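Each structure below is given as structure tokens.
Presented sequentially are two complexes of chain A, the first with chain B as partner and the second with chain C.
Our next item is the complex of A and B:
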């Protein structure tokens, strides 16, 4: 009979079991430790995660760029890339796909067919960044023909609704959606945001298990930027710069900046010609296109390295923001700095007088004035008004090299302005240091009137603002606010004053003196005069001293930079406008007077927009134009009375007693002493005359030519002597009725 | 049972044929209570199973619905994103079309309009010069008025104090 196990046996068994359990357990624990906690474990973890988890990136939306009024200047939207998977193209499908896609996308059919038949490929781009209407067409095509080989991959595209407006400031994003230049580049991190991720577990069949193991990390959309740029003012600036570039054949681009004098906010900034950020690779400047064509012809094609390099250079040139990147000789605009410094330092006063005989000798070297006959004896204020070089040489000598450089530095002209745009050029090495001015009278002399030293346009306008806003050197800026998705302000830029450069009193005096430059009939800036507005300003003409000689070692033609800075209103400065025209064609009678009118046109548009209404003096009111009264259908006596009310003369043609036709037509602007032709007889046909060409003629010759032709003359523009006609409307040679008003714009030519 | 005490070595009682034991009479009673108890248990079991099955079914159904709705939500979200993006694109296109440049060109070239000029505005001179208006003759107060004035000022004085 079987005996039951004894206690001893039981105990033995337990001990063995225990030992076995400990042994096996220990090995397992050790192995687990090895697999999970050591380096091998980490590697295994990574592989496990790779196998078991799927991570899908959620792209973040790029933030918008808006102007100061909230108008969208740059925004991103979803687009699609059309991709073909050749490995999935069924027999006979290649033809259908190539035919269909070619029609929808406008891509060459053969190119598509080749891509469809490519071996060892699963991913062939057919077209990138197509928009929704085209996307819908392709989806319909796919559905109609049940094609599996075409995939649509989401992408984003940046839109710039206003095209080339402020393109050199805003910049562009490249094909990787990374900012290339301008604000897009400077604030790329702020605009880009942070992509999100959806992490979920995968089954053995590689499908997601969304409910059990899913973790979503929301994408942080990029923040948006609100700029100080005003789209309306920017438009005004660009419109007139484009006209100037075209009319005066500017060879090396034109620059314009409109700045808030007190805060440093940039209201508008432009370099023309520029580019369209929607097609940033395309070269828009006709001159650049011509240069590239020449290279293509010379090198025999567009695929070679030389052509590609030339193309790259032209692209970089058109993207370049000349307003901050290109130092230049400021010319007489710099005299504002010299005058402010000398006045503030106490070296000169309003009571001081200076002689100008057409030139001034410094250390044996003769330096000429732009007025070769000389200005004679003139006060400090007159020296500024006349922009007299000899006078400023003397002012510079009184100031001394030491003090001159101290003020040069104080006005921020030896360092960058810290504007929040990329690519601001420094001008180290482009100006005379203190030791090169002290004991060097010729260098000091040339610097005093704005030659030799180079500064960037943004440095120059910032210095001018400091001279007229009470003496405060402000930091210019372009971005006003950073806002998030919901519109809440994340960050706000406050105006910064770097230092006080000159006293309030000196600044007020400078405003008054600069106003005379524009308002006086002998002021060098009178081409900027606008009736009803108090405008201060300064002209500038500088010679480009570092011109490259031609192949035979000669400088072909002297090149100049013409500029003008205007400040308005002169009694309470709000805005400053700087226009620089680099290398215009100045072989015509207008000479170097073309920058001031550009500033005038910009001011004429901008000041009313800013709510600064004109306030006319009695004299200005008298000289304002009237409109032709409506005398149609009136009796002869009534017509005479209506004309007399506006101090107009009336000439009747025909024998009737009622006015049947009038020239000029009612409401046409007409000067006060003009003549209205009133036709009282239907049988009398109006006489037609040809409008004479008055371009370049002086005021009296213009008057003679127009009046002799039986037309009415309306003059606008530059007052004072030595003004010539620069524009006329209607154009010369047009056939018009006798009595038609011809508007002629005058430009003063006896200015620097 | 007979007992033989003569020789106890053999218990012959063991070899005696024993009378069959009287079997107790068993009445097969159809016990309703026991039967219903069985049925109750079965019913409970079935109910429990049914509840479990229905709960499982509901869970599965709910999960399926959730999957379906999640998919729908995802689809609608995708659709919304697409349409939102299209709205952005079209808005940008519209803003470009009504930009100041286009408006000016259309106004000037197509509609023949021009900017407001100074001659189209009538200016009014608001400055009528400095002047003053006299207050007229001041009459001397009567005795009664003087007394009244004195009393009023005295009362004011008291109140202040």
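Our next item is the complex of A and C:
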């Protein structure tokens, strides 16, 4: 009979039991606790979710940029990237794919074929950003040949329908769909929105799990922006600025700003030359292209560091919004600030007179006036009208360095304007602080007439607006509204007045005084005169004081910045236009008078567009052009009567009794003293003459040259003393019929 | 006649219901969890979600039948069968090495028709039965070297040698541990265990100190300490297992809702089924299963303690301990408590031989329970 278990055996068994259950079992439960209920477990869970979840991003579409009237300035559209997955290319399919894609996309066939045959790859870019028609072609191709290896990945592309219009303001979007400069950069967040996501559970083979786990985060499309910029005004500004850049061979780009004086809304802003944001990497300025070519020739290619750096510099230059980024010496335009300050502070009045003998001595230093003969004894208003430096030195002295700086600061000239554009430079360290003016009469003197201190164009025009709008320093802005996807307004920009700088009364006086600058026949700004409009304005010329001598030690040719600010209408200021021409060629007879006409052209286009009607004075009405009457087919008698009605001279050529042809043609604007040539038969052909070159000639010589040629002369522009012809149309040398109207523009040259 | 009369006189009672309930509960939970864990794998690789569970159900039915048959089969018959079983085992272990059938680089299975038999599984049973037989017969001479240690060393040595040829290291570890439990309870002097333990430590330590040798074992240890040093390679399975367990948290993601079983965790139907238990049933569910295994050990040991004789006792201890050791080693691997070795989880892991053997052995434990010492009173 087998023996029963002993107690020793039972004891050993009990020890084992405890070891198993309490010991090992306990350890395992503790491990489970560690792995499931502590941070370690949560971390593992997160990692597990990471590998199980696959997220697909849904791109958010970028908002539009519109001008103030809703015209689209920038819009995004869907484009596609064409990708070949070599791992999915079937045997012999590489040939079909490369042939087909090469035909559709214009990409080299051999390149595509190589990509198709690449090993260990699933992702080969063939072409980026193709548009809808090409996309459709590829879809057809894929369907026709039942190809699995071609994928098209959605992407977006930014389009700028108006090309380079306002490009330095709007900026561009880079290849990563991020705003690079301008509004695109400043408002990148608002415009780009938030991309959405679809998260779904996947097996390790990346197939969907049988149970549904899907979470969708909707894409939040970007908001659109409505600008204060008016496409039409912007177009006017750019057209005239571009012409000026070409005519005067401007070396350092030209700036133009059109601003609502009361709200600070920027109606137009441009720097020329600029760029095409559709093609923002391409250098558009021919001079810059020339400079780059030189570098390429010198360095023997276009892929060396020096060339690439030069190209990058040129790109940055053409993207740069000079209107807000480049401080300059404003010259006499700044006298508006000095004058307003002195008037507002009560140091001078309209009754005060100032002497000018061509120069003025300050602390033993002789400072000259631009008119070396001197302006003689002149009232405060005349001093402004003459833009007389000695007078302004005296005005500055009366104001004193202390108050001068206080006003300088109050006009916002020591800080950025806070415009909603990136890259506003401000002018830190570029102006004289109070302690550098008080007790320093020479510095105060040069500051008083706009030399020495540097400001940015946007600071200058904002200060001018404050001087004429009743004294309010406003914050300039370019974005009027933020509009969401559905078109409703999310955010509206309210005009902001930072502070009242001068009194309403001072401001009104300034408007009057500045109007005389333009309207008076001896006004320094009369080149901006437009019949029917009351324009206030101020010229500015500054010599670049920080000019460096050239390498061979000689002082370079004097470089100037010419500028003009115009305000209209002078009796109820609405808009201000500032034009700055940095480093033009002024060696010809026109000298430094070229900025005012540019402002005039802009105003001539803009004021009627804004619905501001011309109001002519009696004198203006008398000199107003008339239109040529329609005498075609009329009898000689009737034609005479029609001409007489407009007090025009008429000359008949031929022997017929009916007018068969007339020069100038009906409705052409013609001066009141014009002669109409009427042809009454077909026997006599109109006589052709060559338009003479009148550039730089005085008024009487112009008159003589044109009239002698048998042509009608129509004069425009700054009439008055010392005016010369600055532009003519048709151009010199053109063959025209006798009697054709030649329009000649006069520019006054006896001004600063 | 006398013999027959004696046999009739043997008092037999009812089988231990607690143990039976525990076995059937673990089997049920195990089958459910195997199905849950394996159906994605089965679907993706065999196009049949029921590929594993349908086979396992057949094994379970055969196994449960075997369990009841053996429960009513007098376990004393194994006293005579002990040596023949060991003989068959050794034969099969030699055969498996000779036969060309291999899975990977391993010669572990013998194919018979559509089923395969794993001789290592039989070896574990053979060790328990033979050791129980030797120890109960030689209990009085247990202090001697000849009877107290030599036979066991020879048997374990031979089996280990044959199994290392397959190679099957985890199988060797298991028969060593199971053998040791039976020997310990059977009265073998504790000093031998101390010698063996110290000897093993010195051997392992020394082996690891030899530069260049046993690189495979050393790298296993490295990935045990830091599975993230090779997340896509050697550490992959462990990391995926920890992800699954971590995803479970306190209450689990719910039965059937595991995500890690979607082909992330390799061997999900075999050695790593417990990771899915952790994910789906959470800390509470996984702990409950550990507790169920602990209860099974406790009840098996209770049966052993009440066994009519030493052979029955050692048989019950060995067979119960086998389940406990395997279960706890498996869970230890899945929770990265010990380095990764291929040990399946009893009642849970897929495998025909092992499930049927397991249930048969549980039948033998029940058989021991029927002849309890308590019946004397």
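Simple rule for what comes next: the second predicted complex is superposed on the first by the 689 of 752 C-alpha atoms of A that agree within 3 Å, B and C clash if a C-alpha of one lies under 4 Å from a C-alpha of the other, contacts with A are read in each partner's own complex, and residues count from 1 in each chain.
To be clear about the criterion, a residue touches a chain if its C-beta (ideal position, glycine included) is under 8 Å from a C-beta of that chain, and two chains touch if they have at least 3 such contacts.
If you're wondering where the values come from, they're calculated on a predicted model, not measured in any experiment.
Touch criterion met: A:621 reaches chain B, while chain C stays clear of it. When the two structures are aligned on the shared chain, A:36 is found in touch with chain C, with no touch to chain B. When the shared chain is aligned, chain C comes close enough to touch A:24, but chain B does not.
In the superposed model, A:52 makes contact with chain C only, not with chain B. Residue by residue along chain A, chain B and chain C are tallied for touches, and C comes out ahead.
Of the two partner chains, chain B is the only one touched by A:532; chain C is not. In the superposed model, A:9 makes contact with chain C only, not with chain B. In the superposition on chain A, A:78 makes contact with chain B only, not with chain C. Once the two complexes are laid over each other on the shared chain, residue contacts for A:428 go to neither chain B nor chain C.
Shared interface residues of chain A (contacting chain B in one complex, chain C in the other): 210-211. Taken together, the chain A residues at the contact with chain B in this complex read 71-72, 75-78, 131-132, 159-163, 165, 210-211, 231-232, 235, 239, 531-532, 614, 616, 621, 624-627, 667, 669. Against chain C, the residues of chain A that register as touching in their complex are 2-6, 8-10, 12-14, 16-17, 20-21, 24-25, 27-29, 31-33, 35-37, 40-45, 47-49, 51-52, 201-205, 209-211. Remark: chain B residues 63, 66-67, 70, 81-82, 85-86, 88-89, 91-96, 99-101, 104, 117-120, 123, 125 touch chain A in the complex.
Residue ranges on chain C touching chain A, taken from their complex, read 40, 44, 76, 136, 139, 181, 184-187, 242-250, 257, 259-260, 262-264, 278, 282-283, 286-287, 290-291, 293-294, 297-298, 301, 304-305, 307-313, 317, 321, 324, 328, 331-332, 335-337, 373.
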